[in-house]
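Letters A, B, C and D name the chains as they come in the text, with residue numbers starting at 1 for each one.
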Amino acid sequence: MIDYRSDNTGRAAPEILEALIRANHDTALGYGADEWTATLQRRFSELFETAVRVFPVATGTAANALSLAAASPSWGIVYCSEAAHINTSEANAAGFFGGGLKLVPVAGEYGRISAERLAETLAAIAPGQLHRGQPAAVNLTQASDLGTVYSLAEIRAVAEAARSRGLKLHMDGARFANALARLDCSPAEASWRCGIDIMSFGATKNGGALCDAIVVFAPELADGLAVQLRRAGQVWSKMRFASAQLLAYVENELWLDMARASNAIAARIAAGLAGIPGARLLAPVEVNEIFLELPGAVMDALEADGFGFYRRSKTLARFVCRFDTTEAEADALIAALRRHLMPSAARAAE
Amino acid sequence: MIDYRSDNTGRAAPEILEALIRANHDTALGYGADEWTATLQRRFSELFETAVRVFPVATGTAANALSLAAASPSWGIVYCSEAAHINTSEANAAGFFGGGLKLVPVAGEYGRISAERLAETLAAIAPGQLHRGQPAAVNLTQASDLGTVYSLAEIRAVAEAARSRGLKLHMDGARFANALARLDCSPAEASWRCGIDIMSFGATKNGGALCDAIVVFAPELADGLAVQLRRAGQVWSKMRFASAQLLAYVENELWLDMARASNAIAARIAAGLAGIPGARLLAPVEVNEIFLELPGAVMDALEADGFGFYRRSKTLARFVCRFDTTEAEADALIAALRRHLMPSAARAAE
Amino acid sequence: MIDYRSDNTGRAAPEILEALIRANHDTALGYGADEWTATLQRRFSELFETAVRVFPVATGTAANALSLAAASPSWGIVYCSEAAHINTSEANAAGFFGGGLKLVPVAGEYGRISAERLAETLAAIAPGQLHRGQPAAVNLTQASDLGTVYSLAEIRAVAEAARSRGLKLHMDGARFANALARLDCSPAEASWRCGIDIMSFGATKNGGALCDAIVVFAPELADGLAVQLRRAGQVWSKMRFASAQLLAYVENELWLDMARASNAIAARIAAGLAGIPGARLLAPVEVNEIFLELPGAVMDALEADGFGFYRRSKTLARFVCRFDTTEAEADALIAALRRHLMPSAARAAE
Amino acid sequence: MIDYRSDNTGRAAPEILEALIRANHDTALGYGADEWTATLQRRFSELFETAVRVFPVATGTAANALSLAAASPSWGIVYCSEAAHINTSEANAAGFFGGGLKLVPVAGEYGRISAERLAETLAAIAPGQLHRGQPAAVNLTQASDLGTVYSLAEIRAVAEAARSRGLKLHMDGARFANALARLDCSPAEASWRCGIDIMSFGATKNGGALCDAIVVFAPELADGLAVQLRRAGQVWSKMRFASAQLLAYVENELWLDMARASNAIAARIAAGLAGIPGARLLAPVEVNEIFLELPGAVMDALEADGFGFYRRSKTLARFVCRFDTTEAEADALIAALRRHLMPSAARAAE
C-alpha cells in the first residue's frame, strides 16, 4: 500500500527512539523531577525565547483537553472551528476534563475561525447572561483541520477579539511544526508573540512516537495544570523517557526538517493536481494535508491501485503526507489521479 | 548514591526499549488498529488463559482511575485500604474519572483490606440509603502498599464479600509481577479465578518504560472503558509503540524474572535485618519493598552514607528494590544499618 | 406594564400555594418517604395510565440535565434542536450533570428536530468510531422553543430513528401542558405511547411555583436517577411541600385549564395579527408563545407603550402568554401593533 | 407517635408559608431579578453587618456542595469532621459538584474538628506534593453533627490554621440558628468575624419549608458560584417564592425564636436525663439534638411506647427536637426513659 491515511500511521524518527535508549542509564527521580525534564524546560524556553513550562503528555487529546480545562472554568464556553479536532474527534474530552465546559463553533474559512465572527458572537452575549455559561477561551488549530495555516495577522486578530473579553487563547498545535515551516518564522512569533496563552505542542504526527506536550506561556495557568495532569494520569513516573523524546524531536531542527519534508511532498502533489482539470481541492494545500473532491468511482479505483487514504464523505478524500513519504509515492498518486480523472489524456501520455 | 527511593527511579529493561526500535517499520493504522495491539490481545489472553481485553495506558494512575470508573457508577462507593495508592497518591484521580465516586477505607492488616471488615461495612448499609451513595466496587492492591501479598484465599474471601452485594472487584496490580513471583501461581489463578473483574497491570515499576495496561476480565466493562480511554487521552495514535513494550515485557517471562530479582534482593536485606535487634519491620517483607522503623538519626546517617530512600514519617523509612539492584548494594545497606543500629557490635566485627 | 416577557414572570395558581398550607400538619418522614409523595406516584401513574416514577425537582434545568444524565453514559452524544433550551439556556447543565456528555444539534423546522435528519446523522456514525463519543439519547422540546408542537406522528418518527440505534428519548416538557392542550390527546398518548422514555414535566411556566418533576417511563432509568437526584441536592427533606404542589397542579385538570387559557390568549393575538400585513410570524402559533419579526422602531414603540417582551434579536420579538393574561391585554397588544405597523389604517379607524 | 426522628420531619412555620401567598401578586422577572430577591440581599447584609451575597437553594446538600465547589479547585482537598454531614449523608455531592474534590477527615471532639489536628495535617503536606491533590478548604458543621457547638475561639483557631495555608473556610450552618441561639452572639460574630468565607445557611431544619441559602462573605467566590448555581438547576425561575420564605424566616427574629424553642426542649430533656443513672450521653446537649447510648431493649421499649427516633447504631439513639416539640412531649420522653432505665425507681414513684 502507498499510505496516505494519516500522519499518525507512520514510523517515528529513529533519532527519537534512540534517545530513549541513550536515556536508559542510572536512576532518576520520578514524575518529572529528573534531569531530562529539567533540560526540557530550559531547551523549550530557549526555543520559544521566553520562560515556558513544558508538560509532556501521552496524546494530543490529553494536551488539548487539559489545556482547555486550565484555560476555562467548568462553566466556560470555548470557541472553536466547526472542523476543530476538539469538536469532531476527541470524544468530547474537553467537555470531560473541563468539568462540563462547552464547545461552541465559530465560522470561518478552511477550518480556521474568523476573528470578525468571533467578535460578533461575543458581542451578542451580555456579561450577566448566566444561562448561557460564560465565554472563557478560544481554540485555534494550527495548522487547521483542513490543512491551512493561520497567518500571524489572523492569529493576532483572533487574540485581540478574545483578549478584549478576557478570554484565553489556546493553540492546538498538533501540526505546529508544519505550520511553522510554512510560515517560516520563529516559534515565538507564531505563538505567544501573537497572543497564544497555552499550546498543545504536537510531535506524534510529525515523526514522534509516544508523546506530545503542553507548552504554557501564561504562567498563571501552569500550577493548576500540573495538579490536573497528575490527576489525569498524564505524568509518567519514568518521565525521562518522555522528555528525552521531546528533546530529540527539537534537536538540530529535526522537527522542522521533518515538517518541511512532509509539506514539500504535499506541495508536489498539489502542483501535480494543478494540471488535472477534474481535481478540485476543498482548501488550499498549505501544509501536509490534501483534501480533494473526487467521485466515488475514482476513490474506488485509487484503492484498487493500492493507495490508502480516508474518505471524509462520499465525494471527499483526504491524503496526508508523512515526513518519510517519498517523491516517488507523490508522483505515483499524481499519475493515478491523472489516469482516473483524465483517462484519455493519461492514455495519450502513455 | 545507592538508590532505594522507588522502583520507578530505575532504568527500563533494555529488551523493552529495543522492542520499540523493532516496531519502527512500515505504516500501521492508529489508535490500536495495528497488528502489535492485535497480537497483544492474543498474547495476554493466552497468558491469562481466558479471553481478555488489554488496553495500554500511560500510567498506573490512569489504569486505576479508569478501571474504577468502568466498575462503578458516578455515585458509587469504592472500598479500599487506607494505605491504597488510589487513596493516598493519585490526587483523587478515581474521584475525578469516576465523576464523583467516593473512596471509603476498609481496615485490614499490612496494607490489605480484611474480608470480614468489608462484609461488616457492607452489612451496615441498607440498600435504599441513597444519602450515602451506593456501594459499587472494591479495590485491592497486589502487592499491597506496605509490601505484602494477599494469599489467593484472602482474595477469594474479599471477592465473595463483594460479589454477594453485586460489587465489582478491581486489582491494582502495579506490582502484580512481584506478587505473582511471591505466590508462585499462574496469572489466571492470581486474578480472575479469584474473582478479579478488572486489573491495573503494572509494568513501569518492574522494568517498564512508558506504559502500563488495563486488563479486563468481565467483558461487560470493556466497551464503555474503550470510549472512556479515548476521551481520557489515553489512546496513543501510534499505539504500536505501547503494545510492543507490553509484548516485550511478558516475552520469555522477562517480567517474572525481573520481579524475582527485585524480590530476592529485598528478601536478602530482610534476612540481614533479622540479625539486627533494633531493626523493626512495619510489615513482613513479601515482595520488593521494606518498611523499616528507624530513628531519625539513623536515617540521617544512612543519607550521609549515600543511600537514597523515602522517609514516610519521622520514624519510618521505605526501601525499594529494583530489578537491577545488586547483591552488593543489598549487603552495603545491611552493613550500614548494622553500623548505625549496633555501633558496638559493628565495631567489634571490624 | 402589560407583561409578555415570559411565562415564568407570573403568579402561581392560588390552588398550588394553598396546597402547601393544607400540607402543613403533623410530622412526616423526610426525603420523599411521606404520604404526599406516595400519593403523587399513584396519581401520576393514573394520569399516564402506566406505572411511572415521579421525582419532584426544583427547576426545569435540573429536570432536563438529570434526565439526560440518566439516559446517557458520560461519553454519550445527545441530539437536540439547535434552539433547544438545553442547548441555549441552561449553562450546559446537561454536559455537567452528564459528566461531559455532548449536545449535538439536529436540524428541523420551527424548533423541532426532523426524524429524517436525525436518521441521516446517525447513519453517518459507524458504531466503532470512538473518537466521536457514542450516540446515546435524543431530546425533544414539547412544546418547542419556537412555540410549535410536535404531532404524535412526528414524535413516533423521531422515536423510531432513535430506537433503531438504541438511543433513549427524552422529552423536555417545560410546556407539556400547553402542548397537550393543543394536541387534545391523553398524557399517555403524548408521551410513552409515542416512545418517550423519560420526561421533564414542567409546572412552573404554567402556574406552578417552586417545582417541576421528572417522570420516568423506562423503569431501568429510575434507580440510578434516584441517587443522582440526592447527590444533586434536588431531594427536599420536606418533600411533602413539593409533592403537594404537583398534586394540586393536576387536580381537577387545573394544569390543562391553565394551559388552555394561555394558549387561547396567544391564539387570539395570532388571529389579530392576521389582519396586520407587516406582522410576520417566525413560526406558527401553536401554544402560548408568539415569535414576531418586528422593526426595532416598532419594538421601541411597544416598550414606550408599556409592553414588556423579550428582544431575541434586533428584529425578533417574543411575546409569551400566561394562564392569567387577559383578553383585554391581548387586545391591547393587537391594537398597539396595528397602530405601529399600519399607522394610516390605525388613524383611519380612530 | 411522639416524633423525635429529625428536625426535617416537622411542619414549616406558618409565617413562612403565608409569605408565599403574600408574594403571589403581579409579575416579576425570573431567576432572581425580582424585588424580593433584591430585598433579601439587603436584609441579609444588614443581618450580617456586611455586604453579603445570598443565593437561595433548594436543599442543604446543594448549599454545601456548591459552596465547597466555589471554595476549592476540582483537585482540592476539603477537610472536615469524620461525622460531617457532607462526609456521611450527602452521597458525595461535594465530590460531584466539586469535579472530583476529595473530603479528608480531621479528628476532633464531639463532631467538631480540632484546630491543632488540622494544623498538624497541613504541616505534613509539602506544597509541591501533587500526588495528594492540594489542600483547598475546610468545612465546619455549626452546630456539629453530634449536637455540639463550636465556641467563637474554636472557630477562630480553625480559621487561623486554614488561612495560614491559603485555605477557604466553609460553615455548614444547617443548624446555624440553633448554634447562634446557644452562643448568644450576633450572626456576624459567629460567621465572617471568625473567619468564615462562605456559609450554608439552613432554614429547613428550623421551621423552613423548601429552601436554604448560601451566604457568601468572601466576594471573590460569588460570581463563579452564580453561574454554577444556574448550571446546577438551583436557580428557580420564580425565585420570589424562595426569597420570600427566607425573608419571613428572619423577620422579627422568627428563626431565633424557633431555634431557642427547640434548644430549650432538648435542654429540658437533658436536664431530665441527669437524674437517670443509666442514661449516658454521647456528647453534651448544646442545641436541639440528643445522642443517647441505650440498650437495644430500651430502644425497643421506647418504640413500643410510640416514640419515634433514629437508631444510629445498636446502642446509640438520636432524638431531635423541633421548634414545635412540646414540653409535654419532652416530659413524656423523660418519664419513659426513667421507666425503662430505672424500673424500680419508676415503680416507687408511682
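A few remarks follow.
Following the convention adopted for this analysis, a residue touches a chain if its C-beta (ideal position, glycine included) is under 8 Å from a C-beta of that chain, and two chains touch if they have at least 3 such contacts.
The structure presented is a predicted model; accordingly, all values stated were derived computationally and were not measured.
Among the other chains, the CA centroid farthest from that of subunit D is the one of A.
Contact count check for A-D and B-D (C-beta pairs in contact): higher for B-D. Computed from the mean C-alpha positions, the centre of subunit B lies at a distance of 41 Å from the centre of subunit D.
Remark: subunit A and subunit B have CA centroids separated by 35 Å (rounded to whole angstrom). One finds 51 Å separating the Cα centroids of subunit A and subunit D. Taken residue by residue, subunit C touches two or more other chains at 31, 74-75, 90-93, 96, 99-100, 130-131, 133, 227, 230-231, 235, whereas all remaining positions touch fewer. Put simply, subunit D touches subunit C in their complex at residues 1, 3, 5-6, 8-12, 14, 17-18, 20-21, 24-31, 57-63, 65-66, 90-93, 96-97, 204-205, 208-211, 227, 230-238, 241-242, 308, 322.
On the side of subunit B, the complex with subunit C involves touching residues 31, 73-75, 99-100, 130-131, 133-134, 224, 226-228, 230-231, 235.
Residues of subunit C touching subunit A in their complex: 74-75, 88-93, 95-103, 130-133.
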